[in-house]
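One chain, subunit A, links the two complexes that follow: it is found with subunit B in the first and with subunit C in the second.
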Partner chain A sequence: MMRVMLQPHRIVMLMIALALVVWIVLAGNWSWLPKYAPMIGQGIWRTVWLLVLSLVIGFALAVPLGLAQASGPWYLARPAQAFCTVIRGTPLLLQIWLLYFGLGALFPSIPWIRESDLWPLLRQAWPYALVALSLSFAGYEGEVMRGAFASVPRGQLEAARAMGMPRRKILSRISFPLALRSVLPTLGGETVLQLKATPLVATITVVEIYAVTSRVRQDTLIIYEPLFLLAAVYLVLAGIIVALFRWFEGRQPRRQP
Partner chain B sequence: MQVGCDDGKAMRGVQEQMSTASQAVRNEARPEAICVQNLHKSFGQHEVLKGVSISAREGDVVTLIGGSGSGKSTLLRCVNFLETPSSGRILIGGEEVRCRPDGTPADRRQIERIRQSLGMVFQQFNLWTHKTVLENLIEVPVQVLGKPRDEAVAMARKLLDRVGLKTKEDAYPAFLSGGQQQRAAIARALCMEPRAMLFDEPTSALDPELVGEVLAVIRSLADEGRTMLLVTHEMKFAREVSDHIVYLYNGLIEEEGPPDQLFGAPQSARLQQFLKSVS
Partner chain C sequence: MKKIAIAAALALGLTGMAQAETVRVGMAPEPYPPFASVDASGNWTGWEIEIMEAVCKASELECVITPIAWDGLIPALTAGQIDAIMNSMSINEERQKVIDFSNKYYNTPSVIVAAKDAGITPDAEGLSGKILGVQVSTIHQAYVEKHFGSTVAEVKAYQTQDEANQDLVAGRIDAIQADSTALDAFLASAEGQACCASMGAVANDPAVLGLGVGVGLRKGDDKLKEAFNTGIEAIRADGTYDAITAKYFASSIYGE
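Coming up: the complex of A and B.
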């Protein structure tokens, strides 16, 4: 690892990058930072939990979506396939707006919804953002999981059947772990993509980190420094995601010695 | 020759049917472990099994031989319902599998229970690649049969020792040779304490130098009186361990009998041809 990093051209690139960062930090105008620090912290927090929750909910939906397509009866497979196609074929921005401006406008006109305990929640923007992000992730990963379930070696499933394992056990103990294993590398990349999709929710008034930096730019009329900060935040988050997945993959038994 | 099955109804009939001498020897008092009667199996238009009857009493080693595509695997897979027979009866330990009118098993639980009593060993080993050897062995005993984990582990270790894999319990299958994987797969089947074992060409995927170690394990199982249904192309081995040989040709039993008779004095021209081609 270190050896690879220390090739001459890499060293030159690293030096240039480092110089650029140092120059930005030293020459930039960062006087606004202390004042906005709490907001920035909140923005990052909001981005992180929107990301994590949408990943969890989205993946929980993706597993049945993938399973239905890979080995379900047609009346489950077709709707699942349709869902994935629609989600993947339309812009996320459109989905977010349809949910927020569409459903969000419809709900107040329905009395029993206005009176329900959920109403305080439905009046806010973030539930719509979370649902849109989750459904989007479910759509993409549903397709990925379809491939993963379909690629589980037949022989290993047959061995489980031949030993009298009930279907559910085969799913939870054999198919799912094997499918998950095969999607881990893809999943890491898709998680980074999901991170980079989160700023779209700023368009429906959810104040995550992108919205915070926009606000800074409007207030202070400083153009570049907030954007650099934003880039740094996403880079660090993406780095953490990549590192987590690397670690997780490293813990799996390798396929071939 | 029609083989009878030991269920309640057929029992008396079978006693009377025992006419030929060879059958009388085989039929003694041992209960029937596996009985297949007039089995037909089609894949779409293609009829692969055209009425096959076989029977294995407890302790019998019955070996199926035959050319590629003759239906040996299909027959074996019908016995534990990995394939659904098109028609015919299958009795495991005298228990008939209940089927719906369309031929599919009526009771999933019954099928699962029967499968648990039949240890199957595949040509491609089919160990679960995400589990270590030991985890492969204890998976079903612990997760399905509800055996306490430490009991299952103790048993698994004993069996691993027996197949010569004592030191490999923490290895993942990908790190084992084919011969080691197949021995682990046999141990995994044994962990279920099966009534009978089904082997589908257990050495066909192995490099020649690894065949011996697997055959040695299978031979030791035969020697301790295990009931086995074995598909193999190892004719010398089949002759040594089998009590009964069945030669399948094109979905039908062309000839069957004790190994010395079948290998020593084959009657059918096709079997003579087949034996010449494999030796």
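Coming up: the complex of A and C.
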């Protein structure tokens, strides 16, 4: 491994890449960093919790969506299929705007909504962002989980049934673990994609890391340095996600040949 | 005579003068009526478009509109993708560090608009505890942060004025601050009439609100600056400016 890495042309490429990074750090104008550091921290935090919550909610929805499509009765399978098709067939930006500005346009015609207990929540932007991101993830993963549930070997299920296992236990002991194991690599990739979908919520006034760097660019009129920082933040976050999934995959029992 | 003209044209062409006469003017395609908007058939219309055409005609420039998003205008200018910005961009110190401006071609007050029964006054006390919406990287945002930043509950920054207006109608924000003429157009719309009214102009602060709106130009592009200045002066003097203004506004917007 090491020997493959250290071939002369690779070393040259590595040095060039390293020199580029050093040059960006040394030659760039970073005077704005201390002033905006708290905002940047807040932005990263907001990106992370939006991502994590939307992953959890989205996946929680994706499992029943996949199950309904793979083995549910038609009156569950069809709506689940329709949901996944609509979500996967339309841009996420459109979904976010329809939720935020579309619902917002209805508010003036329902005056009592401003007196209701939900108003403090409906008034803010992040609930719409979270709902849109979660639904989007649910749509994509619902389709992935459909394939995963459909690919659980029939023999395993028949054996479980022959042993007299109840349906719930078959799901929790056989189908779900097997399906999850087969989708883990896909899920890692989709999580990184979901991370990179989060900047879209900046368009509805949610101030996450992308919005913070746009703000820095607009305030200081410094163009590239904030973008480099933004790229670095997303690279690090994506790296953490990849590492987490690799660790999780490593813990799964190996399939016997 | 013909030969001289051809020779002159060639000389001009060789020194790059022929190219310099075409001025690429950056405009954001986001609608900002009645100043500049793109109509259904893709044509640019509005006060600023007519003023631009009149100024360019007066100073013999061939101006072409280049659509660029609002927050990309200054980067595009400094990077040389456009030669001028004529998009209601106010002259202020922050921007002057990066680009140059011609003399102002208009200067309107900054006003607060809120729900009719909101009972808001356009000062720090009247806005305390309220959620205020502004368009991002405008002088109004800078003003709000300087004068109201410590008393308002939250300042929300929007990419376009339209989005801030929509959230005011939806009730998500309590008030918006923007240029009087831009908000007049919103208040005249059916949506605006139903919900909102002007709460008056905020106290003037030239350090933030600036010296009016000028043509944004690359630093050192003094020839183009001179051309725009003479053009603006010419249409002010011969009545073209007032004739165009009368088509769009009830009163003069040049300021004192």
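A few remarks follow.
Here, the second predicted complex is superposed on the first by the 239 of 257 C-alpha atoms of A that agree within 3 Å, B and C clash if a C-alpha of one lies under 4 Å from a C-alpha of the other, contacts with A are read in each partner's own complex, and residues count from 1 in each chain.
As a convention for this text, a residue touches a chain if its C-beta (ideal position, glycine included) is under 8 Å from a C-beta of that chain, and two chains touch if they have at least 3 such contacts.
The shown structure was predicted, so the numbers you read here are calculated from the model rather than taken from an experiment.
With both structures placed on the common chain, the touch criterion links A:Ser71 to neither subunit B nor subunit C.
Of the two partner chains placed by superposition, A:Gln42 touches none, neither subunit B nor subunit C. Of the two partner chains placed by superposition, A:Thr186 touches none, neither subunit B nor subunit C.
By the touch criterion stated above, A:Phe107 is placed in contact with subunit C alone, subunit B being left untouched.
Annotation for subunit A, partner touching more residues between subunit B and subunit C: B. When the shared chain is aligned, subunit C comes close enough to touch A:Leu221, but subunit B does not. Judged by the touch definition given at the top, the superposed model places A:Pro166 against subunit B, while subunit C stays out of reach.
Overlap of the subunit B and subunit C interfaces on subunit A comprises no residues. Across the complex, subunit A is touched by residues 80, 82, 108, 111-120, 122, 124-130, 132, 139-140, 143-144, 172, 174-175, 185, 188-189, 192 of subunit B. Residue ranges on subunit A touching subunit B, taken from their complex, read 153, 155-156, 158-166, 169, 173-174, 177-178, 181, 252-257.
Those residues of subunit C lying in contact with subunit A across their complex are 71, 74-75, 94-95, 97-98, 131, 136-137, 156-159, 163, 166-167, 169-172, 194-195. Listing the residues of subunit A that touch subunit C in their complex gives 101, 104-105, 107-108, 114, 123-125, 203, 205, 214-215, 217-219, 221, 223.
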